[in-house]
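Paired with chain B in one complex and with chain C in the other, chain A is shared by the two complexes that follow.
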Partner chain A sequence: MPLRVKVRNAESGATVDMELEGENTVEEIIEGAAGYWEKDAGAYVLRRGKKLLRGQQTVADCGLVNQDELELIPDPEGG
Partner chain B sequence: MKPPSVLAGEEIRIDKRLPPPSERRTAHKWLKEDALQRYRDENGKGFELYISKIAEEKIRNHATSCVDHKREVMGLMLGGVYTHDEMTYSLVRDVVTTDLEASSVHVKFQREAFEKLFASLDEVGFKYVIVGWYHSHPGHKCFMSSTDIDTQKNLFNQPYHNALVVDPVNREIEVYFMKDGVIRTRDFAIYWDDFENPYHGTTIRKRVVRSDPDRMASPH
Partner chain C sequence: MSKAIRPGESDEDRLDRSRRIQWIDLERLSDSHCLVVGAGALGNEVVKNLVLSGVKRITLVDMDRVVRSNLNRCVFFSEDDTASDNFKSEIVAQRAGELSPGAEITPLVARIEDIDLNALARMDVAFGCLDNVAARLHLNAHTYHLGIPYVDGGTYGMAGRVQVVIPPSTPCLQCGMNRTHFKVMERRYSCTGNEASFYEPKMPAEITTTSVVAAIQVREAVKIMSGREMDCIKHILHYNGLTNASENLELSIDPQCPMHSSDNR
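So, the complex of A and B:
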């Protein structure tokens, strides 16, 4: 049964509603959201509350539930 | 298996809001003479970026704390995006950081320190937008390196996004942004306002000691 989550773009405050399957990975969620906002998926991390969601974890592994709110956080690099 | 799908999106909402008034703003003390002149010229018209005194102090203290080790520091600038008189501006109310992987020429958040960063984000006490990032160039002056430009292009490519670079050794500061794929400098002001203080209302107040009339009257 698919579940619906909200992903917030911390850099703009914009949000998207996404539909996920239990086997979808965090990496895929980041790619979906970053793609929507035309961002480079590799430069972001995803959080659920204070927890960092790891790229290869699945929706089921992370224990995501319907109506969860996730946030896309930039991972900058300076030189 | 179906990949994740986006069902609907809600775009950024830019509210109308008065910028900090001119009597509550000042130039940063580390501005170079040309930037200071630009500040004076722009002060009447208003700026596209205002940084709170609290955020500015945190950035400067963070950069200064790593001068001895000549290590770069970095963090995220939190605030909001507003509009006034057809001018869009960013307000930086606070900054957050976490443990860093850093050298004198490179800086990044430690992977295992993201949860500390998230805890700081939850503690700011206002609904934030990450309006940019800051990092230091200890002893190297202010400029955007190729790594910095990549970060700006990939992450902070909206006109309201800012890259603040500070050199705590030479005491210099500069803000950059990207427009039409080109990096430009941005003039900014430091502001102070009790109502913009993210910790407003949580300040420890000095206790008022009332004089006790009985005690005052009793002779020693």
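So, the complex of A and C:
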């Protein structure tokens, strides 16, 4: 059964609800949210509370539950 | 007879105020050899902070020359350097040396991929002050393999990050990367079969965020060199210059990461 999470855009504060299956990966969530906000091509990471989620982890691996809040953060590349 | 002190004596010691922070091991800092990869904005600030902290031996790697667009955030560069087409690493080494007579700063005009790995093995701490994922992954892999602590910094406009990698106990840079990082890397090096093209995006950058990120990088390295690894960032600090909020975010080791497979070490 799909679950629904809220993803927050760390740069703008905007949020979007996403419907996920257990086999969806963190990378898919990142790309889905970045695409929705038409963000610049760049590297992004996803956090849940104090934890950064690894890209290949699935929704089930991460233990995400209904109504969880995630945050999409740009991963700065410049030096 | 006990040693007598003189009035004003403490003002003659350039590291007197540092000595008053008792956990900083100035002797170890002085004996340590740091590798700084990248002599751009972060590299300028990191080297400045290292020499002022009392680090005496630094190897600085960068292949680029100074250009005018560097001058909004690079403390050691001047208009003359752009006119003279000077190499970044050589200028930083020369001017940082003036801040701390006796410091040995060795500039290497090269890509990190071209550096002899035996030279890396002698380093106590490595700093990533780079502007691309590929070079970061290269440095991450070699420092992890050699067991050298690696402090990586990154900026994008007012956003920054610092990651501290202490092999073998912490996750490495690659553990925290995902498909978006690799897409960025692929875009930079696209190959059409007959020719390879290099795309170098121009990223927003300013000095205040650069200064904050570089200061945190050096502070973490000072902890490592002083035996205070337990107080280092676990594992990635994200900084938002617009709100001045910073947060330490935990990352777990990726069991699929090549750095952490049992046969790699």
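Just so we're on the same page, the second predicted complex is superposed on the first by the 76 of 79 C-alpha atoms of A that agree within 3 Å, B and C clash if a C-alpha of one lies under 4 Å from a C-alpha of the other, contacts with A are read in each partner's own complex, and residues count from 1 in each chain.
What we mean here is this: a residue touches a chain if its C-beta (ideal position, glycine included) is under 8 Å from a C-beta of that chain, and two chains touch if they have at least 3 such contacts.
In this text, all values refer to a predicted model and were calculated from it rather than measured experimentally.
Asks: With both structures superposed, pick whichever of chain B and chain C touches the larger number of chain A residues.
Replies: B
Asks: Touch test for A:Q56: chain B only (first), chain C only (second), both, or neither?
Replies: Only chain C is touched by A:Q56; chain B is not.
Asks: Is A:P76 touching anything from chain B or chain C once the two structures are fitted on A? First, second, both or neither.
Replies: both
Asks: Which holds for A:L64: it touches chain B only (first), chain C only (second), both, or neither?
Replies: neither
Asks: For A:Y36, is the partner it touches chain B (first), chain C (second), both, or none of the two (neither)?
Replies: After superposing on A, A:Y36 lies in contact with chain B but is clear of chain C.
Asks: Considering only the touch criterion stated at the top, classify A:E27 as touching first (chain B), second (chain C), both, or neither.
Replies: second
Asks: If you stack the two complexes on chain A, which partner ends up touching A:R47: first (chain B), second (chain C), both, or neither?
Replies: Once the two structures are laid over each other on A, A:R47 reaches both partners.
Asks: Is A:E19 touching the first partner chain B, the second partner chain C, both, or neither of them?
Replies: first
Asks: If I apply the document's touch criterion, which positions on chain A are contacted by chain B in one structure and by chain C in the other?
Replies: Touching chain B and chain C on chain A: residues 10-11, 31, 43-45, 47, 50-52, 73-79.
Asks: Report the residues of chain A in contact with chain B in the complex, numbered from low to high.
Replies: So the residues of chain A in touch with chain B come to 2, 4, 10-21, 23-24, 28-29, 31-33, 36, 39-40, 43-45, 47, 49-52, 73-79.
Asks: Going by the contact rule set out above, which residues of chain B touch chain A in the complex?
Replies: 1-13, 72, 74, 76, 81, 105-109, 114-115, 117-119, 121-122, 127-131, 133, 135, 145-148, 150-151, 154-156, 158, 161
Asks: Please give the residue numbers of chain A that touch chain C in the complex, ascending.
Replies: 10-11, 26-27, 30-31, 34, 41-45, 47, 50-52, 54-56, 73-79
Asks: If you look only at chain C, which of its residues touch chain A in the complex?
Replies: 38, 40-43, 128-133, 153-156, 159-161, 175-181, 183-184, 187, 203-205, 235-236, 238, 240, 247-252, 254, 256
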